[in-house]
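Input: structures, listed below.
What follows is chain A paired twice: with chain B in the first complex and chain C in the second.
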Partner chain A sequence: MSEWCICSVFALQKVSIIIVIFACVVCKYIIYLSEVQLNETLAHLKTESETLKSKLEEERAKLHDVELHQVAEKVEGLGQFVMKTRRTLKGHGNKVLCMDWCKDKRRIVSSSQDGKVIVWDAFTTNKEHAVTMPCTWVMACAYAPSGCAVACGGLDNKCSVYPLSLDKNENLAAKKKSVAMHTNYLSACSFTNSDMQILTSSGDGTCALWDVESGQLLQSFHGHAADVLCLDLAPSETGNTFVSGGCDKKANVWDMRSGQCIQSFETHESDINSVRYYPSGDAFASGSDDATCRLYDLRADREVAIYSKESIIFGVSSVDFSLSGRLLFGGYNDYTINVWDVLKGTRVSILFGHENRVSTLRVSPDGTAFCTGSWDHTLRIWA
Partner chain B sequence: MTINTLAKGGWHREQMTCFQKMEKVIVAMQDPDMGMKMRNQRLLITVIPHAMTGHDIITWLIQKYSICEEEALHLGGMLLKYGYIYPLKEPRSIVLHPDETPYRFQTPYFWTSTRWPASELDYAIYLAKKNIRKQGELMEYEKERYSVLHKRINHTWDFVVMQAREQLRASKQRRKADRIVLECQEQAYWLINRPPPGVGNVLDMGLERPNNFSLRVTLIETCRRALGRNRVKSSICLEGFVKYSEQYQNHDPIMQGCLPSNPWISDDTAHWTMNAEMVPTPTRLRVECWSFSFMELLKDVMGRKEFMTYLEKEFSGENLCFWQACEDIRHGESSKIAEKVEEVYKNFLAPGAARWVNIDSKTMDKTLEGIKRPHRFVMDDAQMHIYFLMKKDSYPRYLKSDLYKNMLAKAIIPQETKKSVFPFMRRQRHSSPSPAQAAAQATEEDGRGKGAGPAGTNSDV
Partner chain C sequence: MKDGIANNSTASISQARKAVEQLKMEACMDRIKVSKAAADLMAYCDAHIREDPLIMPVPASENPFREKKFFCTIL
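Let's turn to the complex of A and B:
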């Protein structure tokens, strides 16, 4: 039986008819198996995957000779942290779901449940552009690197690009370009190094890379067993990888050229809502519904830190690093923001202010501030 | 209470974990040894046992989790919001007060997680009871909901009224204190599960994430591949984080502050102006950053320009030009790939090309073969070869060169802005031209060709 048939076999575990006839979706072979054979094969495959998994854990553990907080003992501790809300952006009529910074370090784009996408100059708090999407729950939005367009999508299963026009009378929706098409909701999107390509993740369990100009699918990434909720592009020299997190509790690292999953991490106990690379690109952090943030090192190929506290009960919706990577900011479902010392693993500060879930959090491109969006309809800039 | 006939399958996984964790806290709070001290609370003329004050709750949380008062207040507030604790005196004010205000634990029977989602039938019975018990005891919004329910489940209304009467009769047979307690508990439950209008519904979950494909497609494959990887020892990797954070600490505005001031705090955009893409004299931190890694140098437009100047002095400027052209192919429009590849071949790879780059023969052969059928990544190998050539050779020499050293010496260290004498006077926040505007102007100018007049307006947006 070809390797690809594994997928179908697992999917049909509960079948109990005598003769099983099914078509493997991937390799399109029609396979006939008796029930006895089916159970035997399943059992065999299950043991094989369990054995491989424990072998992998063994290998990973062999090179783990020290913990992060031990290495960080010699580092100076962080003093008192004072961060306050410096701007409050009001204007959305419903839950704010996503936001992204412009490369000019002061503009942002935000999207909300009521279908509105707004571009703000966060410094002056002026709204510069507004678009009403034809769907509700716009869960993803991104600013183009040139600053001349924004991409967004959600329950419409698509990702659309809107060029930003300065003509006040022009209807932005007129020039809209539909780029990505998924078979379920769009959970996240990001431009790559230019305005010409967009990376998307979706509730249909896949990620995809698209050419903006033609709307063509350049590469698709399969491997998650449930909704993919987040993604982040690697800041590496060769710039060819990205990480995604999903409802299957896995964080996968992908090669953009080949579409292959090159690394996978599964230590969270619940859905992974957010992933973000460490500034050097050698690691990434994840935030999950299990109320923890975790740090995974790509060269050591393992989880190296867990950021959690007994008093933190609610899930993390979004994470981001400060510019030096020393601090990790987490937006939580209990309306707070927790600031973690990445090296020592301790919680440095807790910030209050939002009156409902914090749904999105991003540090500005020059690290001078971070922005949070919340279900309380507002966005806040903290510095 | 009627039996909750709704299937338990529709529960949100995330909310369940939160409920379980909150319930652990609640159970710990009621632990006979380590839990809170309870006392009797007088409510009008009745004495309610097992009550506690807001102050008690907060003190216990502070001690148990080693947190500050603000956080304890917040955590306790969450327990209240989700209905695990309810206020005795003002049931509608679901706020935790850090004083002598009395609270009580909700009985597990009425925990949100036990009977969720709250059933319509149960709500109808509850409202019917209130209605029967004392005419006019229903609040306006409850009256509205009552009539809506009456219309919607009219077919079972007899059952509703019968149940309501039956429950009221049963409760009359209880002791007064017990009856009041039960009424309080039930009311608290419904205030959470059917909040009055204007109060946010804390049980709002957002979108469901129903998809679970149960396909272990590449599990075995990924495991096999992962077993074959080369791993690096943890001590080496983790040391890397310490070094990186140390190196960049001064550059991290949130950690060290930024000069002259953080624009978000002081409302002064000088920091951004000084660090704009192209400035006559860059700041010292910026020039220092170029020495951290080759990527930092190339990422910065100004750094790249400086590096180009240096390379041209060394007659190897074509390397950087080639690298940039390859980046353009990789990230540019799909439709222009073929023509760009042709250009690159003509200028950099063809024998006798004007700006011929020195690539090893193996890579050159592979690239030339790939050019026959050009695609986005056809130049990748050649580009990487040149990138590492520059990184290992030209870059270190650039850092030692006079060009770089002079730049570093000239670089500005901005003065820290003195705090305003009148801190209450807010600076005017100036707007800046939108990047979209700059681009529009550029294309306008291009379109009009040379010798055009001032293009576009530069109005405040």
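Let's turn to the complex of A and C:
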């Protein structure tokens, strides 16, 4: 009797072991099947995206009936340009990384690698305010539309707003307000039409819209596959969009309200360092490490011009248009500024003066001059 | 480990789905011909070129950067 019990126990054990092994095999097979299914869906989605991409290219190519410079042949050529350095702003202790004009066409804010943010009067070259940031490499700075505050940020992953007071002795750092928080460096920032909202772009691959007063995130923009290096807001008449450029060689146009990417352009061969809207808002220019500047038309949804020369091999760090949009200024890493005829695609002038790479370039709000900042620690005003 | 692989696949699938949705949306856009777009850019330039101080220089007395100002005071 006991032998029978022992035998049956052993038999039961063996059977249960067999059942467990069988269950494992069935489980593995089910997991294998689901993986195969996932891989098939992934492959299917990839082919679908490739087909859509080529269809998109076809649609864009259908409307490519003529080149911009061909249409512009009948336009009058521009005369000789005499642009010189009219002011040199000295005072930064290290590379100047970013600058912005105030709407009063006179004041400038600039930031540098040593953590200093300085507000200058461009007419007199006097320094009006100076703030020392707690971090080095202040890569972004912007003037508020009212002229009463500046925003800046960089390796601290934040964007801070400093209200500017008329009292020159007041300690600006005490009134600092931290507005934006990213998970990587801040590459660019810009106030929207008011002092109340700030748009930022970051090395974490996202852009974000913040409320200055509360520091709250209003909208975030996901879509870049790598660091976002630059952004520009559409001119106020054309509505709530902005363009951003990144290390993924893409320039994306976003709707500020919905957070959606409405258009995407990928023709550059390297990181896009700077993007700037054409004054009418229908196009934008970009400057890249591939040594070219390109013009993209938003309504034709394609690149319409490339500004390049075989002799130019250094990357473009920043671009801006003159008031009418006829001239495109590019600051290059070979210490020069090239001035391009936007319509004809030819170079109109080349300006020398900086002793290290030009890192930032902005035309003044009334178009009378443009300012460049450089790694040679100075800013120059050209007119 | 198998869960990890499944998670990676589902993440890439959702990414791929998002990319497909984005492309479908972009494909539906209304586009205009390059000739029209170029004509509009030229028209804008033409309309504003006279007001552009960097192309049509204003007299030096009106351009605060070009005028020669001496910031020395005679003591």
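The criterion applied here is as follows: the second predicted complex is superposed on the first by the 337 of 383 C-alpha atoms of A that agree within 3 Å, B and C clash if a C-alpha of one lies under 4 Å from a C-alpha of the other, contacts with A are read in each partner's own complex, and residues count from 1 in each chain.
Throughout what follows, a contact is a pair of C-beta atoms (placed from the backbone, for glycine too) under 8 Å apart; a residue touches a chain by one contact, two chains touch by 3 or more.
Computed from a predicted structure; not experimentally measured.
Chemist: Name the contact category of A:Ser308: first (chain B only), second (chain C only), both, or neither.
Modeler: neither
Chemist: Applying the document's definition of touching, compare chain B and chain C: which contacts more of chain A?
Modeler: Counting residues of chain A touched by each partner, the higher count goes to B.
Chemist: For A:Phe352, decide between first (touching chain B), second (touching chain C), both and neither.
Modeler: It touches chain B, and chain C stays clear.
Chemist: With both complexes superposed on chain A, which partner does A:Gln263 reach: first (chain B), second (chain C), both or neither?
Modeler: Both chain B and chain C are touched by A:Gln263.
Chemist: Considering only touches as defined above, state whether A:Asn94 meets chain B (first), chain C (second), both or neither.
Modeler: neither
Chemist: Look at A:Asn157 in the shared chain and tell me whether it touches chain B only, chain C only, both, or neither; answer first, second, both or neither.
Modeler: neither
Chemist: First (chain B), second (chain C), both or neither: which does A:Glu59 touch?
Modeler: both
Chemist: Once chain A of both complexes is superposed, is A:Leu42 in touch with chain B (first), chain C (second), both, or neither?
Modeler: second
Chemist: I'd like to check the shared interface: which positions of chain A are touched by both chain B and chain C across the two complexes?
Modeler: Overlap of chain B and chain C footprints on chain A: residues 45, 48-49, 52-53, 55-56, 59-60, 63-68, 71-72, 75, 78, 83, 86-87, 106, 123-124, 223, 261-264, 278-280, 282-283, 297, 299-302, 304, 322-327, 342-343, 363, 366-370, 381, 383.
Chemist: If we count contacts the way the header does, which residues on chain A are in touch with chain B in the complex?
Modeler: Interface residues on the chain A side: 3, 6-7, 10-11, 13, 26, 45, 48-49, 52-53, 55-56, 59-60, 63-68, 71-72, 74-75, 78, 83, 86-87, 95, 102-107, 121, 123-124, 126, 128, 137, 139, 146-149, 163-166, 184-185, 192-194, 196-197, 203-205, 211, 213-214, 216, 218, 222-223, 225-227, 229, 235, 237-238, 247-248, 257, 261-264, 269-271, 278-280, 282-283, 289-291, 297, 299-302, 304, 309-311, 313-315, 322-327, 333-336, 342-343, 350, 352, 356, 363, 366-370, 375, 381, 383.
Chemist: Can you list the chain B residues touching chain A in their complex?
Modeler: Per the touch definition, chain B meets chain A at residues 13-14, 17-18, 21-22, 25, 61, 65, 67, 70-71, 74-75, 78, 200, 204, 206-207, 209, 211-227, 229, 231-242, 244-249, 251-255, 258, 262-265, 269, 271-272, 275, 294-295, 327, 330-335, 376-377, 380, 384, 387, 429-432, 434-437, 439-440, 461.
Chemist: Using the touch definition from the top, list the residues of chain C that touch chain A in their complex.
Modeler: 2, 5-6, 9-10, 12-13, 16-17, 19-20, 22-27, 29, 31-42, 44-49, 51-55, 58, 63-66, 69, 71
Chemist: Residue numbers of chain A touching chain C in their complex, please.
Modeler: By the definition above, chain A touches chain C via 31, 34-35, 38-39, 41-42, 45-46, 48-49, 52-53, 55-56, 59-60, 63-68, 71-72, 75, 78, 83, 86-87, 106, 122-124, 223, 260-264, 278-280, 282-283, 297, 299-302, 304, 322-327, 342-343, 363, 366-370, 381, 383.
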